[in-house]
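Right, one structure below, let's go through it.
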Amino acid sequence: MTVLAAKNITMQFGGLTAVDQFNLELQANELVGLIGPNGAGKTTIFNMLTGVYVPTSGEIILNDESIIKKTPHDIVRLGASRTFQNIRLFKDLTALENVKIAYHNFIDYNMIQGMFRTKKFWTEEKKAHEECVKLLDIFDMGEYADTLAKNLPYGQQRKLEIARALASEPKVLMLDEPAAGMNPAETAELMETIHFIRNKFDITVLLIEHDMKLVMGICERIIVVDYGKTIAEGTPDEILKNPEVIRAYLGN
Amino acid sequence: MDLFLQQLINGLNVGSIYALIAIGYTMVYGIIKLINFAHGEIMMFGAYFAFIFATSFGMPVWAVILVPMIIMALAGVAVEFIAYRPLRDAPRLSALITAIGVSLFLQNLALLIFKADPKVMPKLFPETIINLGGVEISSTTLVTIGLSLFFMVLLDLYIRKTKQGRAVRAVSEDKDAAILMGINVDRTISLTFAMGSALGALGGILYSVAYVQVFPTMGVMPGLKAFIAAVLGGIGIIPGAMLGGFIIGMVETMTKAYLSTTWADAIVYIILILVLLFKPTGILGKNTREKV
Amino acid sequence: MKKKVVSVLLAVLFCASIFTFAGCSSSGSGKDTIKIGFIGPLSGDAAIYGTSAKAGADLAVKEINAAGGINGKNIELIAYDSKGDQTEAINAYNRLRDQDQVVAVIGGVLSGETLAMKDIMVQDNMPVLSPTATAVDVTANAPNIFRACFLDDYQGVAAANFSTSNLSAKTAAVMICKGNPYSEGVSAAFEGAFTANGGTIADEESYSASDKDYSAQLTKIKELNPDVVFVPDYVQIVGPILQKAKEMGITAKFVGADGWDGVQTEYADAAQGNYFTNHYAADSPSETVQNFIKAYKAANSNKDPNSFAALGYDAVHTMAEAIKSAGSTDSKAIITALNNTNYTGVTGTLKFDSEGNPKDKEVTIIKIDGGQLKFETTIVNK
Amino acid sequence: MLKVKDLNVHYGKIHAIKGISFEVNEGEIVTLIGANGAGKTTILQTISGILKPSEGMITFEGENLNKIHAYQIPALGIAHVPEGRRIFAEMTVYENLQMGAYIRKDKVQIQEDIEKVFLSFPRLKERVKQIAGTLSGGEQQMLAMGRALMTRPRLILLDEPSMGLAPILVDEIFDMIQTINEAGTTVLLVEQNANKALHIANRAYVLETGYIKLSGNASDLLVNPEVQQAYLGG
Amino acid sequence: MDKNKRKAYIINTISIISLYLVFFILIQTKVMNKYFMGIAIMTCIMIIMAMSLNIVAGFLGEMALGHAGFMAIGAYSSAYFSIALMDTGFPLPNIIVLILAMLVGGIVTGIMGFLIGTPTLRLRGDYLGIVTIGFSEIIRIFFINFEPTGGAAGLKGITKLVNFNNVYWITIVIIILIFTFGRSKQGRAIISIREDEIASEAAGIPTTRYKVLAFTVSSFFAGIGGALYAHYQAFVEPSKFGFMFSIEMFVIVVLGGLGSLTGSIVAAIVLTVLPEMLRGFAEYRLLVYSLALIVMMIFRPQGMLGRSEFSLTKFIESLILRKDIKNSIDGGETR
């Protein structure tokens, strides 16, 4: 079943075509990698898929619904969430608060009930608290629940960002260079985590990554873009052997 | 038609003064991203110095204008050094509050030294009425417009054509990269304050000559208007400040002449708001997109 | 969850401040002075009026004390700054009443601040004599509030009568400061009387207090060329207007109100040959006036007193007389005494009508000539 | 020529560089490789004075760089081409090059040097009056390098010059680095493209989260299995 | 509600009541006279103004320099309403009239905040700041020219309904409501926008809607503050609500610490009481005030409390357990 599909999406900034007629189909529970040189348009693709940019042309379908011109928060509600290349946590809030904010849509009370702290407020907040603590625990981050995000170690910040993305209970999770800045040991742990959450939450994962070891190690399918166009698509083995990919991206 | 032309000149007159003051706001904003609320007070002190030199020392006119400009340039540098430099890495709003503090401080200092009652600025320029094809222009108006334009062109050439001017632009674009070029960023910021303050002082002098008085709170309203002009033109952009100044001056005069005097200020704000809603970074501002 | 309030801190601060204040008050000066409060803008945009009125009041206090005070007691004038702000004025008044325990108040200087304090003053039945608040409402329904100046509309009518009869004006332009009740009130009275006298209001221009540029309005007036231009506003606004008008070559006569006082010193050229209504004439042969001017100049580095100073001076003298004749500092007695005032001071003879306004006060018309204020005539409206 | 000893750098509470020592000898190309966040850029920024070390010493030809202002460092002969190029986007190409020569007063030679830069990067000459922000990524990188060369440096610090560039341009840039080096300028190169960097460098240091993990001749590291595994994509 | 929460509730309730009792006794014994009461009432109003401004300036992190304009709307609309209500002669107790007037002021101002916020909140930073100045000046100029509310001369004849007793409890209620708002899911969402708007959007927060909500709630409470002001002064005039008054409120918020509600309370008290204490110094007092601002910002740029909140519970615990008093300032260390 196709969860997320992009059809011929194109993005132009001024006269510059950053992404040109890009196509993508993500099946349920897939783990797909998007690779390519810096500036090839990967992040722009992400930004279109998550509603940050509106494509100049083309169509994006998430769970049978067109999400062109939908705002990023609508798309999150419809089931696709993301992380960022440069970690974007709410730095002055605790880890738990970071997650709770993304859990926002499942907390059901209105402003008046919140201000006057009705019974509903307490039950809903309690539920949110428990759910979010549970989520942190899944990431072994329970001990950091009350730590300010900015004071977390780098690797934990990356993990927290993923946990936050999962708090909105997405069908598709998009990770933008999750291993950036990690040492090989941390990267290895991250690979396990990604595998684990894919299975545990039964979701589709799309990731941009430069770390070949990570990409080749966990992705079932890889798409290579250059100059905003797909130049190759296939299993890791196929990609490694593809001459075009070697020329444009992998080098000799 | 004559009446309209006459009002056009009136607008140009106010506008050129706003433009001069707006340049100071915009330069400082461009380089340290601070709304220098004290700029209106720099302008006020400039006018006071000119008043003192003109009444008590009997200096020649050029000195009455130039010496206060130099003094206020130094004062601007001092304000930056004492009050703003310690806050360069602090949250921006703190720097803003400091600027408000400096503004209030200078205002109350002036109140203490000079007292509240307005001083009357002597006529610095011989008073005649020049008739240009049916339009009567007083010499003061002519000199105001002329001097403003002269200094604006001078500043523009300095910023565009000289090495120091390039350094100013480099620092406002990217401080770290400017350091890598060997530019002394602190000194360049001081230089910017000096230039902005000198022009502000000139604005104050011309303002007080045109509108006769010098008093401690004289900087507040033109300061606010000039700031609006800077934002309207696109804050941080020098030609934008000039353009904004002329637009505000013109709108104000024309509204008073043909629409309503009491709503003139409101209309200035409405135009500002409309421009910003359609062009959120001002008329000449570039739209920057936050990188995701 | 950490909670709602910070009460202790609040309490500590409140209490600390309260005790500080309490401390201040007990350390007040000696018991055998009569304390009179003064409220006016001593800083801010309107500071010039407040400081002038206060200088006049100070002079009167000095004179009274030098002459032995009131029934043997010296007067102490306690002046607080209102900054021209309502809240500040109310706080200042409360402080005068509670901390300083004044027996009477001279003030406020501005109409706005006086109106803001009015309700509380009425409640307290505090004897109040405003030297300069000219707005009509100031004394309405306030048996304890009096004023030394004539009202806005009174002098507006006088200016109109003077313009039609003495200057034979047929057309007039009026410049009004929008947002300034004084300017609006006087103008309205002028316009009414001028039209009633058979004249035409050719043009009405307005500006706001923060404006400095009047060229747009004056350009229009120049086109219409009326006989007189009526500009009832204060010196620092009128001065630049006159200067600009002269610069633009406007030849019409300008007429103004008591706010013009002082225009002769710094705007002598621009104001030359124009007229305004005032409370007194400096060149009056009256000994009271001349003595006042001499003493004022001596006390204020040779500065000429303006009408604010004169009214402040008269207000204190009037109040002192009332306290003296009341024979006590009881507010009811002072108010009764004020109602029976008949005091001749610098600004003429002061008697109060039932509202607490001066009765049949004469309006002096002043002509500016060669940097001097010249007595032109007096007008008493019928 | 350049000696870094026991360098420690903190960003607020984060300990970014944890006691690093290395040196660069005259005429060499030395490269620092490592993952994102390993601290490579931090080291370069500390050398050029933008960041202040919390501990340790950096000397350039015997001069202690910690003791002078950042803006005085270019005059010693160190040029830094920062990450992301950081050209002055609102100035023209020509003005950017003039900015490079800010510390110099020899007008005639400045003009000659500008010509030399144009000789090396003919594409810049075609765009001399263009606003730098409108140049393509590769052209901006060339301009940034040209601007750095205008200071007549003896040591040039290059931070990720290949970042975001098309592979063909990457080759061109690396060729250029070699040319610069052959003309007598020492090069300290920070690269993520470890493969390319090791091919042109004499020596290399491998960084990992603030430490130097490995160091040695570039050719040795190229065949080092650990490096191959971690940085050359196996 | 767990045990800690219950304890906090009890401690805070007790201290609110005992503080009131302290005042009550002071008033009864005449130690606290009308002058002090006037200052205390103004302080309460400024607390409401500063806290409401903090919703936009601190929680949302936007520069709002037009709070006086909203206060003016609240003051005028509530006063106009209460005068009309009193004119009907319908016998209502004063406190009911006051509460109705407050609600009218708050709701009218909230609606204005919504109308102004909707188009302008896409602007950011300094641009938003200048636009808010613009709106507040337009509001002021409107009231100068609007004759039904007395024009420039001001609106007279308002019944004085505010006294220390009722304003104290109203302020307590509003403090509590703003606190609970900050700690509801809505408050969290607004704070997340301050932290990182893009990430907030990516976490599923409808940022535009919440920005407008913050602006609206802030104006609502500002309107209530204005209503209290009008019914305390019994007279309002447009010139009170100028640009400098907005700045004054903004200064309180920054000085207390952006995002720190307790900071706003403390700063509002200090900055309202301090000028009164300095009244004797007349012309020097503004000089002192401005110098204090500059020095404060240079040495403590994040404001008194930064983003932290002062916790009475922890303060008392630290007294009893002799812990470091710094523990009672929580919400993260100061930067």
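Just so it is clear, A, B, C, D and E label the chains in written order, and each chain counts residues from 1 on its own.
Here is the rule we go by: a contact is a pair of C-beta atoms (placed from the backbone, for glycine too) under 8 Å apart; a residue touches a chain by one contact, two chains touch by 3 or more.
All values reported here derive from a predicted model rather than from experimental measurement.
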Starting at chain A, what is the smallest number of hops through touching chains needed to reach chain C? 2
Taking CA centroids for every chain, report which one is farthest away from chain B. A
Report the pair of chains linked by the most C-beta pairs in contact. C-E
Farthest chain from chain E by C-alpha centroid distance is chain D
Using mean CA coordinates as chain centres, what's the chain A-chain D distance in Å? 33
Per the C-alpha centroid definition, the whole-Å distance linking chain B and chain C comes out as 36
Report the inter-centroid distance (CA atoms only) between chain A and chain B in whole Å. 49
Residues of chain B that contact two or more other chains, please. 108, 111, 262, 265, 292
Multi-chain contacts in chain C: which residues touch at least two other chains? 43, 178-179, 208
Which residues of chain A are in contact with two or more other chains? 52, 84
Parts of chain E lying in touch with chain C, wherever the complex brings them together: 4-5, 8-9, 12, 15-16, 18-19, 22-23, 26, 31-36, 38-40, 42-43, 144-145, 151-154, 156, 160, 172, 175-176, 179-180, 183, 233-235, 237-240, 262, 265-266, 269-270, 273, 276-277, 279-280, 282-283, 286, 309-316, 330-331
Listed in rising order, chain B residues that touch chain D in their complex are 163, 166-167, 169-170, 173-174, 176-185
Which residues, counting only chain E, touch chain A once they are in their complex? 1, 177, 180-181, 184-189, 191-192, 195-196, 198-208, 213, 217, 307, 332
Along chain A, where are the residues that touch chain E in the complex? 50, 52, 71-73, 76-77, 81-82, 84, 88-93, 97, 100-102, 104-105, 107, 109, 111, 114-117, 121-122, 124-125, 128, 148, 164-165, 167-168
Enumerate the contact residues on chain B facing chain C in the complex. 3, 6-7, 10, 13-14, 108, 111, 115-120, 127, 129, 136, 138, 140, 207, 210-213, 215, 217-218, 221-222, 252-254, 256-257, 261-262, 264-265
